């Protein structure tokens, strides 16, 4: 190396780092401070609306992982399908969102919950009852813009952190 | 815009130089005989006006009765491209000449084809499996591999 | 008296701090000097090409996210272009613009990681890496807003994008665009003229233009060697012919040039995004398509200028709902061809930075 | 004992044993041994905290803040965690060497503090050859480090250890030559005497010497940008790749104890040691040590690492001639009695000389490394 700049480059770099010492750090303290996640969040839990579902099985056909299992029987009196078994192995789910997009009757949503770690693989299988659309389960706005409006706005690093100069 | 060269025109040029080397040709591509592949490739690379000096990729397709090795060539100077193909019909021990001597970029890709399709490239400096370990049974990208 | 020395083999990886993934290099060393090197990989091989043969055309998009997992949007784009070429699908105007914005943002994000990791390999203890990750985080936030996830976006579909931009996206993007040039200047101040970095990277690992072309090297590595070849200009896909941007090139093709090249490319990407933001039309974002795409028999190769180089998808269709053959041209793997020529004769420390300057993602090598 | 007889008792005289101590020498010895060990351990904890928090903030993050108030107990948590780890010895390792290495590396780091004054006369042993002792002792840890590299039979370790030996051997020379300038001005080899002689901090009289000492010191104790002996991105962790548990803790301690030692020596030689207004002397000393250490953290955060051949070239082509020149100029100035008579002239002249020498050297003479080797 020729010291073409006599250490000025090094000095410039040092000023950048020392300035960061006086700035706000850009991290947040996770369990105490929580940021709002995206309104279109794609998590690993699904929300299923029993009333709207017709048991057509489009979701199971679209799922690239084959994680959705649906068993239906015909109800002759009401002339429709009855969903006997509907279960998703979220351990296999890659959260691509194709099932939600494919559902022609708007019966399948993503859940807006994100701390869904489990201790056993078996617990990851969501049965019919776990997936039901209950009021306490917030629904993500993925593919449903009207649902997205009800959710809190996403915290963006762009807006949250102001750099002290 | 990269202009795709007409396979028919190039095929006639190759045929002129090496009679009997082209199997078939269409607007999009041309298929050369395996034993003429190296000559044809050298011709394509070095001929004035063609100058296909950049090998975009090499891959293989398994059509059950034969393998088709696809070379997608382009010229950075003239900004045109050409697809040439070579077929091998021997499923047990398919062999093709290696083009590493012409385009070094084929090095890892030919090893990959050897690994996943089992097509052996002659004169390749380091013909070993690349992703799978030595002794892995079968070649996964063949259609008959389950 | 000559000292009798003996070369020894050093196994770098598969678990090593600077192999950028599960990657192994068998380096033969003479003292500190690298005599020979053999890259070994396959530890992460998932057989995506084989998987793709059993999936519908739509179902492959999530797989492409997992190729080069730090530039998923680019992978999505390349794949969707290939399917559209194969099936002859026309993409709505607005979707094209959204795609360009996403692809260029993704390029910035991926190049930030590339540059940060390269500087980290040079030994700047995580500082540039963390600064650049901070800015990448801002981009990832934007991606999370549109697609709902932070790494595997799965946003683009054959015939458009999965859904329209949310209304709060454009203000956030505008804010980001105002911020970014300032941060770029800061990175330049941090290490660009640093004497130690220049001493380490200048003249190290030179790849000449001819060598680069012969090795099929593409992307920033090729352009740093002085070859003016960018697919966005040479073979404009999507709507890149509507934007005004330059292709920066460097002269010598050493590690420092590759670093400079990436920084320059980020600046150009910012330019493209700014133009795309201004021109963004309204309208539909997704072409009307059947659930299952069934392209006619044939083959198509679509390529894009991904952050790492030419990323292409070679699809062969047999008129069924799944491709007969799906070949991915991975820039990371093919750029590695040149590694051996570049590192021979340099020291172990240089081996690391040359390797870092090529910028690979193992997910793409072992696809 | 006859004068002129060449014996160790004659060469090394213990000066300044406080006469009013009950029991005299032995009480003094016991007291300061405890003080030194306590000082080193607490200082190591302090500097680890400074390094991790300071580096965190400079990298735009927080650093450890969970253990104790402001994360002050983080070094304790680290230590407990590391001590509870399993002790792994590689099968192919040379067991005895592998076991001995951390001990041999650790002892000298502690021994350096025997001659560093915390206050006027407050030191374990006021050797009249104090600085020579420091120089001699500090290079002993290299033996331990080389043993670690050799004994663990790992290629990364070996590479790291060889780099370390090469670096220490080279950098010892400019380091000592930079010290000699200070010795000339102070007129004594005893560290306590040097501090007493510093009415003006010697950094002003010896700016070039300070720079050289700081650089060479950083190189000796593997601090960035000369940390290529344990370059994590190249050779994983260098000589302590194969160490775990208690033995790793020892190396970790050595690393920071040496950093504290070099900071303490810089403080003593160039920054006026314990001298300063208002605050008690020992506090001044600690504050200065921390400041010097902070400068090391600062460079570590910012600078990339240099290559081994560049490291050697830097020592032999850059630092060595400059330190010789510095020594020569200082000697002339001392001969002309400037340090006592023309002190302000000397400060100005020395700063000018520093600027000119660095400029000339960088411009005309200096090339780092030689690049590619044909294979």
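Observations on the model:
Per-chain numbering from 1; labels A, B, C and D assigned in written order.
Simple rule for what comes next: a contact is a pair of C-beta atoms (placed from the backbone, for glycine too) under 8 Å apart; a residue touches a chain by one contact, two chains touch by 3 or more.
Everything numeric here is computed off the predicted structure, so don't read it as measured data.
Counting steps between touching chains, the shortest path from chain A to chain D takes 1.
Centroid to centroid, with C-alpha atoms defining each point, chain B and chain D lie 62 Å apart. Our note on geometry: chain A versus chain B, Cα centroid distance of 44 Å, whole angstroms.
Look at where the CA atoms of chain A average out and do the same for chain C: the two points lie 25 Å apart.
Under the contact definition stated at the top, the residues of chain D that touch 2 or more other chains are 58-61, 301-303, 310, 368-369. Contact with two or more other chains is made by residues 127, 131, 134, 190-191, 194, 196-197, 199 of chain C.
Contacting chain pairs (ordered by label): A-C, A-D, B-C, C-D. Residues of chain C that touch chain D in their complex: 8, 10, 16-18, 30, 32-36, 119-127, 130-131, 134, 190-191, 194, 196-197, 199-200, 203-204, 344-350, 352. Taken together, the chain C residues at the contact with chain B in this complex read 38, 41-42, 45, 47, 49-50, 213-217, 227, 229, 234-236, 299, 301, 303, 310, 312, 314, 316, 324-325, 327, 329, 333-334, 336-338, 366.
For chain C in complex with chain A, the touching residues are 55-56, 58-63, 65, 127, 131, 134, 137-138, 141-142, 144-149, 152, 154, 162-164, 166, 168, 172, 175-176, 179, 186, 189-199, 202, 291. Chain contact summary for the complex, chain A toward chain C: residues 1, 3-5, 7-10, 12-13, 15-17, 20, 26, 37-42, 58, 62, 64, 94-98, 101-102, 110, 140, 142-143, 145, 148, 153-154, 156-159.
Per the touch definition, chain D reaches chain C in the complex via residues 55, 58-61, 155-156, 159, 224-225, 227-228, 231-236, 300-310, 368-369, 371-375.
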